[in-house]
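Got some structures for you, see below.
In the two assemblies presented below, subunit A is common to both, partnered first by subunit B and then by subunit C.
And now, the complex of A and B:
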């Protein structure tokens, strides 16, 4: 599964946690550091399981199976709020410097 | 405010992050509202590239919520380029406008760029009153058209209605209009001095009795008895700060001047000479504002109304003392609770002394 951040959301990194605001509903979300690491990697180009394997398992010392299950649930929740888009093929890339909410 | 947003604000405050910033892109305007606190000339607005740089710096500093306002911000030919850039930097963008320049193509762009909210000022449901305040004939109809258009494009719209002597009796009509349009409305009895300190516009303020009648209207305040209570102040309250100005919020003028708030014209620096970060973290003025706690307010901290008072530090500063009271808020607190504010006790004492001296001089 390929996942890309929605260009409609507002996001900013506050310390180690990503604060995300959905413009459609004005709902606010705060991602923990693991969620933030996944968020930052959701460029629509790399499959989710590769992101989890290469980034999350190495960075956070977690079993692949557990991490994948959590990541899939995490993406499902974000998708329900239109915060991310998912597809079976790569999604169009956004400017990586300006779409994460990280310091630019 | 939702619990999560409160939590985010508290964390931003602890980290000294300017989470929310109000940027006026221009003071120019296509209305001439009688109560406006700005002058409408262009004294050298930030260029598009300068605005872009400021936006990059704000993103770096951690700003999430960005309010673009003016003047009328859509008067800038590069308004949509700025908006697009701000959204690419993932700000949550709110816009304050009079709506006169929001046609179908503008509404479509506002939606396309993912604007969080558009706020439009509506002074009355009656054209003669609204247009009499904006001094632009047909402005009510055009602003209402903009609201309907924005709503039809699925955008979140709010109405703002400052109450003044000209439109005081119309707020029930404005609320009915807002309900009909399906938008929330904020009714506010605060008229502020001009940003240069000129108090001439204050003649439009409603009277204390009128403020009191607003505060006794359960349709506006809910449970009137609860609203009118003097909330007790404890040690934690005294250690808290008066408002978000300088803590998680600041204001940037079209000329790059940075202030703690729109209504707090204490110059803290200019983005043409300094970075946002250096102004936000190193400005002695910002630091001074940040250091003030409720307990430091010489007159207000012991006032019976302190618990529920909406004291504005900026208005107090404009009255000459950022540690002092803001008389407009004393008026509002008295209208709310019926309890004499400390500020008025002092004023009464002073006038008694003057009378006393007068008698002695005559004798």
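And now, the complex of A and C:
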């Protein structure tokens, strides 16, 4: 599965947590460092299982099977709010509006 | 004129105009040529349903705003609009709030579920949903404080500093704020507690709590992104703290102590 961040969401990195707001519902999501690492890697070009294997399992102390299950659930929740798009093929990159920044 | 933003209201009905003059008495300004204009057309008959869902959509260059008791159109570029409503001050009050959120989002400001009080030349904001203690903080304020609002705070930047302005939007206090302004000293997130205590909060908590209390009627991504960016900017410039408080006047003593974070 390929996953890309929606270009319409508002997102900011604060310390190690990503805060995301869904424009349609105004619902807020606060991602923990693992979720933030996945979010940052969702470029629509690399399959989710490769992201988990290459990024998450190497950066965090977690088994591949567990990490994949959590990542799939995480993506499912975000896609239900149109925060990410999923497809069986690579998705074109269009992410100019999603800004990330850091304070303190 | 609310928050230094002049909006001229036109209404052909004299008695309703008179009612609006009384309601917004502290906020009447001179005939500003640059003022935005809103024409109020009164409808007769039919049922009102203010509890119906509010819809705010941007279409063909105009904002279309609709609820059970009014319908309005607003053009941000020309700053002209029309509202069709029945003879209810609550309907026009809601329209004015929504218009200000649209105008303010362009200026890096917002309306906030918060009371605000000026004390010693600085504005203190107390945010929280219904029952959090916004009105209580106003009631407990020292006598020489200036009430800006006990319900909806008006915040916008002037020369890179965030200011709070008085508004006519009131809650339980049923008293409009004074038409004045002051730089924001701090934003407090209210919680009831047996004793007064002020704590720092993480930037993430500050941002999410601020966003949860901002009045956000439009759900277009551009508009939401602007408000999000403004909230992010504000928490980097204005101290945001958690205020656990008991409903006694001593809470204001705690606010005047040096910050603990």
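Assume the second predicted complex is superposed on the first by the 94 of 104 C-alpha atoms of A that agree within 3 Å, B and C clash if a C-alpha of one lies under 4 Å from a C-alpha of the other, contacts with A are read in each partner's own complex, and residues count from 1 in each chain.
Keep this in mind: contacts are C-beta pairs under 8 Å (C-beta built on N, C-alpha and C of every residue); 3 or more make two chains touch, one makes a residue touch a chain.
All values derive from a computational prediction rather than experimental measurement.
A.B. asks: For A:57, decide between first (touching subunit B), second (touching subunit C), both and neither.
C.D. replies: neither
A.B. asks: Between subunit B (first) and subunit C (second), which does A:8 come into contact with in this model arrangement: first, second, both, or neither?
C.D. replies: After superposing on A, A:8 lies in contact with both subunit B and subunit C.
A.B. asks: Regarding the shared-chain residue A:30, is it in contact with subunit B (first), subunit C (second), both, or neither?
C.D. replies: both
A.B. asks: Would you sort A:21 into first (subunit B), second (subunit C), both or neither based on which partner it touches?
C.D. replies: Both partners.
A.B. asks: Can you pull the subunit A residues that subunit B and subunit C both touch?
C.D. replies: 8-10, 12, 14-15, 19, 21, 23, 26, 28, 30, 99, 101, 103-104
A.B. asks: Which subunit A residues qualify as touching subunit C in the complex?
C.D. replies: On the subunit A side, the touching residues are 8-10, 12, 14-15, 17, 19, 21, 23-26, 28, 30, 97, 99, 101, 103-104.
A.B. asks: Which positions of subunit C touch subunit A when the two form their complex?
C.D. replies: Checking each residue of subunit C against subunit A gives 202-204, 207-208, 211-212, 216, 219-221, 223-225, 228-229, 232, 235-236.
A.B. asks: Touching subunit A in the complex: which residues of subunit B?
C.D. replies: So the residues of subunit B in touch with subunit A come to 2, 4-5, 7-8, 11-12, 15, 17, 19, 56, 59-60, 62-65, 87-93, 114-117, 156.
A.B. asks: Can you name the residues of subunit A that touch subunit B in the complex?
C.D. replies: 7-15, 19, 21, 23, 26, 28-30, 95, 98-101, 103-104
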